[in-house]
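Each chain carries a letter (A, B, C, D and E) given by its place in the written order, and its residues are counted from 1.
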């Protein structure tokens, strides 16, 4: 029941918010989503870190004739992404306290529905259920960008929707093909369970494109690559981010992009090992190109938000590089970088939103000298920037280091090229910081200085947990990594024959709960 | 000479070919004429061709069902003609127009 | 108290100082801020002394204190722990860092008193101290890298301390990004080492070295060393990444003294010495290092002769001196490198602080052409500066003499050395003597060119006290490393303390045919070159003041090339950075907007175009529709019949 | 030749009889009242009574597999489902018609009479096991529709639509009939079971039979508006009064597709010579999906847009029909088709139905831009439109998604991989125009011209449909498995 | 042989000729009359195919009732000879004729290539089958096809009601009642 509650409680919350008058929307949804975060901590505390198997499994027939079931479970790969979702949602709601003034109720309903679908995506262990959540999550985001977005919101939201839909429909066809393959394997009964998919041995011919494993892999990869987004499918992202309202950007960058990389980890890599191995050069190449390209293009953006959006392209390139390096470092780093990116880019978007709320401008050229007018804001922004450019002791470093190490081991040339991204990353972020915060006072700063540009208490409260996490994750990454360790090792060691079991909680002897470790103060 | 023999020995083929030609003429009528009434006539021609086809099959195979079908087709053709003409009359009365070009408001 | 805790405290104390000042960063109470920061730093110095004392108390060869705090992170077989290691090498470092650091903290109290944000300044200083200590204390490459990047960050923050000035902010950014290039190399070096040895811990690398060395193929190690050296060029301002350091003078002068002269910039040298066991396996890289070091020493020294900004002169001097250190490590003279690192820390910090004192007195004027004759206004500053001057030009028996000459000797005599390296070193020494003398002449001696509205005055005690201490150190600092040949003739036969101290942990490439006569001869040559240069400078700038212009005219283009710093910055901006930005704009415009987006638009236009076409087919004409039906029938039947 | 037919046969066709009898009531009352319209609510109540009676009778016959009238009609799972679908469609259409000014005029009794008899025709099509019965059923259904469309109060476009529909419908009927005559000539019978026995052999050897099959299939393609036989669809759907559009786009299509399924289940495209026929149909399906979706993008009129969308949906169903026709796991295709028809009916009925609420006058036509700001003005209507559009676009967890899932599954399973890819591309294109109304309603804040009528019954019906779209998504399995077991007898 | 062939060819020629006239005559009345003649000729062909009943029905229903309907409607419209009887558009006209002709060609080729495979006797008309009597047809009609026959009745009722309704449609001629 735990996981189902985790998925569907936000929907209940959404109904509650819908039922209450609009003036209660903000506090109620904040309280409920905060509660939900606490609830997810319960999950974390009960999570057994020693096993790579699925835990808290729930399975229920749904469409029996196709073997589709309501099948949810959690392992080390999903764990932190779920936590990230529950963590970011209340912060985002609080962060949008004054940013959203129109149709407040609808916004919070969308937000909570989005939370439900995102958690569902990370927990679904049935391929069709995964697809359902994967697609359903588009709808609230679509509304969020389209209703509360900027001037070109409609263009952006439609582009976002169609782009994503384009990829995922190919995935649907591939899913169906896999379901029929399981039917052959299981002797008649179809199954859409990802666990059964893992058992498939899909024929593969190296060097050819037209063989089932390669085609299926590319169908999946297209869906995920668009979602991530990888170069050259990234152009929806800057538009979506620029037009989205702050909370939309935060969730989009913070969680939704991870659905793509999560998809690679959950489905792409273990299902098609030979194809992944054979084609990894392509994905690593695209990832590296994405890293460098994203960084270069970010450098010349005139709009802060667009800059951050392109930086997402670059950062997600790291994640993909790590995943396709397919060694322990790369995988660990990739997973960690997903969380990092969620936190640091989420924080960046929040902060950009905060200043935008005051000045209604995101033009870098109009700023300058903000550090004097808003010192606290500047400090936090610089900290987040440091996290984003992976300065050690912040979370970003751990992820990037491991990814680069993994990438370097897998392919020294690509690894070395990706390291170049570290330099470029610093360049565009610091150049932006310099132009926005330092130097002489920009026109917009002069104009709004008297109104007070620095953070208020609420915004400080929003940022505080993020800042704490940036350092916590940077200094004590093991607190987080140990939750995923077993799963990642399992994935790395059994690449060719990856399978997942279902954890049987009755065997208590070996299990080690997260809470126990926390008590030991490790 | 097989050609002449085939020509003179009237069989099912000949009727079917006649039917095909007749059907085509009906089609051309529907496709080409501007007058809606004549278009309806074209449809009648097509149905007649079908009837011919049915009858010839029926009588060459000694299977009576075909004749029943022709009977049905005729009835339905009559009904169709009635409906078509009723529509044409209704439209004509209001708009004084039976040119097929009249029906081009719905497009795109 | 046990050692582990003390090691931890070394980092925690500056951190607490940072927190204290950081939280109340808007406060203008510079005294409180300075006191707290200086106390933290001073306590660190005391702790360092205690620790070094303990280290001395241990038997030779086992002088190691380690402290494991926690496992930092694990991934697969990659594991790295947050732990510290104290051995003779970094014992020297922490003493220098905390000692000089404390002095500079104290100096800063006076220096920063008029600033708006003293607390912030001291917070940064303490943060720097913390990171620098992490850098030198780390027991593995990754912890070192933490400090490595951390000091870069502090350097960025401190250079851009007066961020309202866009140029200063840009200088900070330049420093960080240039360092980042080096850091990227450093990362690659870590990767290579990890992939070769399976560990990043210094001690484990050392234990695994012999096996690897036996394998004979040193390709990966060579590459790793090269990458690490790239890292070092970034941090320690060597060719080709030295360009940030002169610009870094935009920061407050004590910062220049601490970070950009005494401590941070020497991190590269420290790192190579720390990894010396690995580097000696890569002779090729050693040669590269030596050549780069010599070139840097020479190039920077020549630029230093043409500069007019007091801090810029010192900055190029620093680059040049760092070049010496790299020359030393490149020829395998690790201990002399450490020695020079230490003495340089003393006299260069002294000179920077002195210049700070001057600048403070001159109301933020940095152009030496507007100074002169300051001797009478600022006697203490002048005197201490004089000591620094003597030390740097290598006047015996001051600190610089011993260290520099040892480096020159090794560059000549070491198996990895070469006479040309020595020649470069001597010429650089000559240049050094020239520009330093020039600086003295223009600043302190001669008649005053000070504008009327400026009233130079001696600095307060908090500023002069550190100067005095450092002045003393500049004199006596060299006595712990007196070379054997000199020690043999000096009364009392002072031993080479430093070499004894470091020998158990650092494996040097010893000169094979050491001849005392040659060593003396070389020493004499370099001394006389320095002396002659100094005399020329004195002559040029105090006696025959028209000569510089004359020489300048004669040299013409060469002079302007040198005074334009060989136009390296212009080259970087014109050939690399601006093209890169243009490229990025091009990518954005032509790839993103005009290609990828265009492709999607093209797809949607295709769809819309076919939609338009379908619309035109749907022309409302009933007979047209009937035609489609008949065409459909005909085409379908034809298609089916075609195949059969 | 003693007994003509059994009592059971009459029992089996009783739904049609009930409908016919019910249809007479309003007409009789009108005549008795001296040719004046009675209360329209009463009129549709008579109709609804007939529909409900027919429904009860249909349900009573559930689970049987019988032929009646010497094999002319067949009562099996497929016909049961189609009966239910068209009965639901009819019930909703009756409600919509009453609330629409274009249909609720002084000929309303005749309208209801014709509507119910058109329904009878549909049921005959659904039952028919004989090409002749099929033809008669189609004609009954269509002739009523021609007249029904013309009965609209709208003076111009409805007449044009009626006439276009009439001419093209007759034209296509003639072509189909010609095909039937070939089948009759080569087989000697028009009964499905007779044709099935020889179809594989004849397809390989006899060209006339091939012509017959092709022409018949293409005639059916006209009815289900497959490219390039679809060109009447947008014009007629747009010109017809909206309730009738809903009726046609769902009812007519459902039963035509059902017969298509029955026809293709005769294994006419299994044999090797028929590969090309199969290929041709694949192409037609792909083109239908693309043409429907692409043309829909260009439309500003909502009704016309939905008309093109229904063309595209025919393409998806064609995928399923093909999957049902090539042997092997045909049942997947068949169940997929029936499920898709059910899903499609619900959502299309709802989508057209809600347009009725915007029509204040008979001439009203609704542009997409008229909807702007509806999200704020009328959340209920906006939410309903959103649900229907998302379902039509196939976004989970709506019933439309499952329809697509099952169809794509069948296609992939049966080897129509590329067809599935075309379907996917079509779906992507379709998202664009399905999103347009949503964009307009929620994201454009200017006041649109649309005014919602307060029609309780229609609102109720649409709410029920909207809820079913979601609910059917969750109970998709039970429907699908029931359909599968009901269709088992379709394949011999 | 010849005896069967000559009437067939004459009738065929007449049918095709008048069908041609039907679709080409500029005056709709002429079209209608030509159509009537076509149908009468067809009726004779039906007679020749041993189907006297159908032939009779053809005469009565088609040539009689339906054609009268057409002619009456035409009278009602009072149409003159049309100036442009055919749709415009050279290309589409070409396509129309070409596609129809092509269809005819394919059908004819198909017929020629397939009828020998038919399970029918193709040498002479109705071997072994007498001219069908109306009794046989009636028996079939009321046995096997009784349902269809009943539906046909329904259909006629519908058409009757429908036609009346159409004449009274709002905005139609009887709009004023």
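Here, contacts are C-beta pairs under 8 Å (C-beta built on N, C-alpha and C of every residue); 3 or more make two chains touch, one makes a residue touch a chain.
Please read all numbers here as calculations on a predicted model, not as lab measurements.
Among the remaining chains, those touching subunit A as well as subunit E are C, D. Traced through touching neighbours, the fewest hops from subunit A to subunit B number 2. A centroid comparison over C-alpha atoms places C as the chain most distant from subunit E.
Averaging Cα coordinates per chain and for the whole protein, the chain whose average falls nearest the overall one is A. Simply put, of A-C and C-D, more C-beta pairs touch at A-C.
Distance between subunit A and subunit D, defined via averaged C-alpha coordinates, is recorded as 43 Å.
Each chain gets one centre point, the mean of its Cα atoms, and the points for subunit D and subunit E are 30 Å apart. Per-chain CA centroids place subunit B at a distance of 27 Å from subunit D.
With centres set at the average Cα position, the gap from subunit C to subunit E is 102 Å. Counting only residues that touch two or more partner chains, subunit E has 87, 96, 100, 103, 107, 110-111, 115, 118-120, 144-145, 148, 152, 155, 159, 162-163, 166, 169, 171. In subunit D, the residues touching two or more other chains are 132, 136, 139, 143, 146-147, 150, 155, 163-164, 167, 171, 175, 185, 188, 207, 210-211, 234-235, 298.
Each of the following residues of subunit B touches two or more other chains: 16, 23, 26-27, 30-32, 39-40, 56-57, 61, 65, 68, 72, 76, 79, 83, 86-88, 90, 94, 100-101, 103, 105-108. Pairs of chains meeting the touch criterion are A-C, A-D, B-C, B-D, B-E, C-D, C-E, D-E. The touching residues of subunit E, when paired with subunit B in their complex, are 1-2, 4-5, 8-9, 12, 15-16, 19-20, 22-23, 28, 31-32, 35, 38-39, 42, 45-46, 49-51, 53-54, 57-58, 61-62, 65-66, 69-70, 73-74, 76-77, 79, 82, 84-87, 93, 96-97, 100-101, 103-104, 107-108, 111-112, 115, 118-129, 132, 136-137, 140-141, 144-145, 148, 152, 155-156, 159, 162-163, 166-167, 169, 171-173. Subunit C makes touch with subunit D in their complex at residues 607-608, 610-612, 614-615, 617-618, 620, 622, 624-626, 628-629, 631-633, 636-637, 639-644. Subunit D meets subunit A in the complex at residues 375-376, 390, 395-397, 401-402, 404-406, 408-409, 412-413, 417, 420-421, 424, 427-428, 431-432, 435, 438-439, 442-444, 476-477, 480-481, 484. The touching residues of subunit C, counted against subunit A in their complex, run 25-26, 70-78, 82, 142, 145-146, 148-150, 153, 156, 160, 163-166, 169-170, 172-173, 176-177, 180-181, 183-184, 187-188, 190-191, 194-195, 580-581, 583-585, 587-588, 591-592, 596-597, 600. Contact residues of subunit C toward subunit E in the complex are 621, 623-624, 627, 630-631, 633-634, 637-638, 641.
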